[in-house]
Amino acid sequence: MSALLDVRGLEVRYGGIVALRGIDFRVEEGEIVALLGANGAGKTTTLRAISGLLPIRAGEIFFGETNLRKHTADAIARLGIAHVPEGRRVFTRMTVRENLELGGYAVSSRRDLEARIDETLAIFPRLRERIAQRAGTLSGGEQQMLAIGRGLVARPRLLVLDEPSLGLAPLIAAQIFEVLRDIHSRGTTIVLVEQNAHAALALADRGYVLRNGEIARNDTAANLARDPAVVAAYLGGE
Amino acid sequence: MSLLELAGVSKRFGALTAVSNVTLDVEEGAIFGIIGPNGAGKSTLFNLLTAIYRFDEGSISIGGTSIAGLTTQRIARLGVARTFQNLRLFGNASALANVMVGEHLLLHANIIDSLLDTARERRERAEAERRARELLRFVGIAGVDEHFARNLSYGTQRRLEIARALAARPRLLLLDEPAAGLNPSEKQDLLALIRAIRDTGATVLLIEHDMGLVMNLCERIAVLDYGEKIAEGTPSEIREHPRVIEAYLGAPT
Amino acid sequence: MHEFLAQLANGVELGAIYALIALGYTLVYGILELINFAHGDVYTFGSFTALVVLVALRAANLLHGAGLILGIVAALVVAILACALLNAGIERLAYRRLRKAPRLAPLITAIGVSFMLENLIELWQGAAPVPFPNVIPNPELEIGALQVGVQQIVVVALAIATMIALHFFVKRSRLGKAMRAVAQDRDASSLVGIDVDRTIAITFLIAGALAGVAGFVGGVSFGSAWFLNGFGAGLRAFTAAVLGGIGNIAGAMLGGFLIGLLESFSTWFIGGQWSNVAVFSVLILVLVFRPSGLLGESLPEKV
Amino acid sequence: MRSPRIAALAALLLLAAPLSACSSGPAPASTTIGIGVDLPLSGADASVGTSTLDGIKLAVDRANAQGVPGGFTFAVQALDDTQQGVHNPQQGASNVRTLIADDSVLAIIGPYNSNVAAAEIPITNQAGIVQISPSAVSDGLTLGKDAAMLRRANPGVKTFFRVCTTDSRQGSAAARFALDLKLKRVYIVDDNETYGLDLANVFARDFAKLGGIVLGRDHIAPDTQDFKALLLKIKGYKPDFIFFGGTTSTGGGLLRRQMFDVGMGKVAFMGGDGIPDIAEVAKKRADGTYYTVAAPNADLLPAAKQFVTAYKAKFGSDVGPYSANAYAATQVAISAIEQAIVANGKKMPTRAQVLAKIPNSAKNEVLTPIGPISFDKNGDVRKPVISLYAIRNGRSAFIEQLNLSE
Amino acid sequence: MIYAYAFVAIAACVAIERFHNRKAKIAIALALAAFLAVGPRFYGNEAVFSILADAAVYVMLALGLNIVVGFAGLLDLGYAAFFAIGAYTYGMLASPQFGLHLPFWALLFLAAALAALFGALLGAPTLRLHGDYLAIVTLGFGEIVPQIFQNLTKYTGGPNGIAALDVPTFFGHSFGASVMPYYYIALVGIALALWISRNLRESRLGRSWMAIREDELAAKHAGIDVLRAKLAAFAIGASFSGIGGVLFAAKLALVSPDLFGFQVSVLIVSMLVLGGMGNIVGVVVGSLLLTIVNSALLPQINSLVDASFHTTLDLSNIHFLIYGAILVGIMLFRPEGLLPNRERRAELHHAGEAEAEA
């Protein structure tokens, strides 16, 4: 079985500082994979390198058969990776509809685009109520829904999420995770960076733990959630 | 005796109430923690304390002085220093220079001194530099003095920011998620550092997500949710508090 | 009253030209945060291309009857295309490499490009002002107390039509949305599949096209083209863009018309030599009280 | 970090080294006499500057072709006094110093602008080198206390001459011409620059003195293209004509052109010797323009016709507004140098010897395309003649001329 | 000749920048100072030292603007206004214009004070503006000031300006018509300006500016009175320009409004950016280089090229093209300037990688 995403020896630097020192990981078609780790461990850097926002110093990233190294961020997006960045990064001065339309930027047929937007709005009924509002006026949770929805309009093969529950009230965060489960059940593969390790491991099939730019652990979600060291470091409590 | 008193403080952004009717007393010499979910209004509260935002209702006083209408730099003069959730160092300047900026209020050289490099300017500069090096040692990053702040590792930057805040010899130190992104051993060092800071006489108010650190360090903790204070007490009280578990800590797995 | 209306009409005409140029500044600023000092010279280039086409057509004796309309359209189209390509070329050669350079580097480059363009236009068309053919017949029409020339109506109509077209393009079209998206958040834009480089290039194309329209209507309105025209017009137009709130399309239009009216009325009331002083004094006053311009949004700093 | 810095150093070297080598290299052959020129050759004034320079080149070429006593040849050394595109007194002063530092330069033609001249006169005065301006018209350069102040380094010596007339002569003549033409009510506009403002001032004063009615005055701001606001205002005064102080490129051309846009096409337009080329900008709309020139009727002067023909043949373009003046100024300088060579036994003369040969009376007048030239004690043209021209059917037509007494 | 002097000066500056040994730096600086002071006895003429004196004035201006833009990070596009204020101070108070003949030396101080005052007056209401908005306000101010001088004909001589300004005296000795006194004064001026620039950079005020430039909010939290520090930068920067203006006016013995237009402000900003903003030595190199290009190379380019290559090529009509190409070329290949300061170099190094994981 070939991996949907195959990262080999990925190295990224900021100026003189090594942010990622040779990361290997794989995501199989249909999986949900969680990346865990402290702030600054390299999770976001990994996601940004995958989606082409950061130059790769060494290593390869394969998306199916395609080597992403030669592609720019927009081309990677068009290949079918939707990256929902940290902090949502919705286009605050545009309406919800416009944001969703931009999510389907690569879709040329107007009817197809409308169908996709409808489909996304079905997943997020809240967004339908706010369709003509400017994204900047939405609450944090609604913005997160919009950010994910914007990614979904592209009908990605791989959905990459960076801290989807960040700054959300627990109830809303739970809703988001519910939606992710739903999206996954419709066949989308997901890579997830999440501070709320409880929720992330509850959702994921497998998990990687990053520390100082390296993969420290790699196991099934269930095993990780049971591991006392992981619990101590990332799941809180004494 | 209370160093910091908040009474019925509210802050609204348009329709959103970010801080709602918060009352808080922080004793002189305490280490006081504020926790709560992201977006609960913790950072907004800090921003009200340093006049980045103006509060809409209530009153805030520091050492008995009301800060209503004061500017950020006036509040700094009252002895308030802070760090930021997303580090705000002077990236293109040496670590030493960063700390020396922190000493701004301790120095008296005026424009003329600065223009002409007078004896006072030189004396103060030498003194400031000495103190700055000392502080870098105090926070545990001696030896990085000449490095540019932006080139330092994340943990070092966190400490450098604390050193800069300490340089003003604050009575009240506000730390916004100081442990964010630190590994467990760095967190242990941080814990010791914050205690050492308190032992110099400063009062510490911190926002933190890391429960281990907060529970170990703080004498009292306030919990915010949706801008409201839902609980306040000792660490053990907070740990047991049903609303806190519901809103923030979550049911134990 | 009579003169008031006449001055008003003139101010609107002048403002329409400034607004068109201001839009180019504001589009580019919106997307790159770059004050494109060369933009005024692209406007000049537009005037000259239109002029050259008209002169050639007149020499070939093609400018009468239906040929006149076609000739005017041809001159306009050529000016638009030429300016669009020129502006995009400038971006490609002079600005793209500097996307990540210190902030002032592209500004100085823009100034350098402006000098080069002025000199190249001078080499092409000479250092003396060149008369712009009077192609549009200009009988005066009386509308109530208002006397306006046909030419004036054409200039204002063309400018406003262009602005409306731009408005719909930016608001509705796919590319327009991409432009707005890139202006707001380059990374997020590339994450939804927008080619940022291409979108920036297209923004320069459009800004250039607007300068082309401005060059044409400016030539018609002022009756001549001169290689240094871009400096003064560019300065006023840029002021207009800032006055309206830089990066804001409606603001640029509003600012343009305000500057035009201000120039017209300050000439009337306090004398032509004070018009620049008036324009810039108003600018300073407005910014002191509305630091983000008339329609600009001030976003609170995120801590 | 090392290599880019070295690269920068190398770049500087490359820029500086060859130039420093050549500029300090051997002086040109001693048989060459330099005619120094200081004019605005780039930027806003480039069009007048270059056509003025062409007049100088033509005169020098002709002198060389005719043969110079002592086997010398003349060479033009032209320096540009613009900085960042604007004529600049500081640059002018600097250029004049550079020219003076070159011993082979025996005379300087220029500058174009009066404020540049004000910065240069003290320097040429001190150096004792002949300087002839084709176009600097401000009164204070040669007349009165102001001029004396400019010559304070060397009060006894007058080195500055000009073949153009002064603002005051031209302005008063224009006032008289206007009344001759039965134009009584004037609105005066100027470009708010040295030449234009002074001309407008004198015109306003003398026109009122002679009984004309000055309805109002206005100045225009630099970089202005729209004059309709101003013209709409003027229209309300119903003037017989507009008098413009300035040049075609500082607004004269556009002002005239845009008069038609506001329905003032029938109103006359008048100016000084800054606008003879107005038809090039205003085209047919230039008709109805009157302008003055400080020279006798060119149609009656064979030298003028010859000059125009030769100029067109050499440069393939129309004569610029000050080309003839520049030609005349150069002729005068060359004539003085040639006389000095002869007086010096066909050897290279000194600058003082050249200065002594500058024509100062009817006896040693130099015949030029703008009439016979000799200078009075101030350095202004003796026997000035001011002619009035009108534009008709896009062409200049002589109307009348005024012989001003000394 | 002029190029020889400029070359030596620039080479010395580059050397100072490259050596890390403090003593070596000082030695080179002293050697350069000695060379510039004694050089005129052996080599050069009035024309050369006139241009060098002008260049020195521009170096002073650039050092002043460097305080505003390089140190405090405030983009000022109307700096020439203060230059004009300084020059007109001399023009109006030491000339026949009002019959006032105040001494040159006193006016140096008065002009510095007046320029500083106007700097503060402009700054007070506008320094709250951020980034390019401030740039445009200063640009507007830079447009207004010379036009006011041009329009107030009664007091300023209008477009003609004021000519025949007083010749300064030094203990009763008139400067006469020579440019040498100005050359030496300008050298001393540069030395002072360099000294003050260095003092400021190292001082409490200098650190405040650094903090404001890097992160205004964090600076406020350190107790820095941001508005006051910015006003100080504006005022001090302007006062350099005021002094430069007096020197300029006295040497030229003339002031006129066309000497102080927008193009001059742009020129000085270009000097900074080209040389390497914030870096004192870089600023000196940038301003020397551009002055030489503008005052010597371009005006004389025809005679130079003709003399060296024996052609009669006419290059005067492509001055702007050459000048523009120089600006664009340097920026494309060294966007951080010829001699960037440490900070700037670091910034460039990190450009595009700024968002390190938070």
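We just call them A, B, C, D and E in the order they show up, numbering each chain from 1.
Quick note on the criterion: contacts are C-beta pairs under 8 Å (C-beta built on N, C-alpha and C of every residue); 3 or more make two chains touch, one makes a residue touch a chain.
Since we're looking at a predicted model, the values are computed, not measured.
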Chain whose Cα centroid lies at the greatest distance from that of chain A: D
Which two chains share the largest set of C-beta contact pairs: D-E
For chain A paired with chain D, centre-to-centre distance based on mean C-alpha positions, whole Å: 73
Interchain centroid distance [CA atoms averaged], chain C/chain D, Å: 36
Distance from the mean Cα position of chain B to that of chain A, given in whole angstrom: 32
Separation of mean Cα positions, chain E and chain A [Å, integer]: 52
Chain A, residues touching no fewer than two other chains: 15, 17, 39-40
Chain D, residues touching no fewer than two other chains: 42-43, 46, 50, 85, 192, 219, 221-222
Residues within chain E bordering two or more other chains: 147, 150-151, 217, 266, 317, 319-320, 344, 347, 350, 356-358
Partner chain E, residues of chain B touching it in the complex: 50, 52, 71-73, 76-77, 81-82, 84, 86-93, 97, 100-102, 104-105, 107, 109, 111, 113-117, 121, 124-125, 148, 150-151, 154, 164, 167-168, 181
Partner chain B, residues of chain A touching it in the complex: 15-17, 38-41, 139-140, 166-170, 195, 198, 211-212, 225, 232-233, 235-238
Chain E residues within the chain D interface of the complex: 1-4, 6-7, 10-11, 14, 17-18, 45-48, 50-51, 54, 96, 147, 150-151, 153, 158-161, 163-164, 167, 176-177, 179, 248, 252-254, 256, 258-259, 261, 263-264, 266-267, 289, 294-300, 302-304, 307-308, 316-317, 319-320, 334, 338-339, 345
Chain C partner contacts - residues on chain D that touch it in the complex: 42-44, 46-47, 49-50, 85, 189, 192, 218-230, 232-233, 235-236, 248-249, 253-254, 257-258, 260-263, 277, 280-283
Chain A partner contacts - residues on chain C that touch it in the complex: 174, 177-178, 180-181, 184-185, 187-196, 297
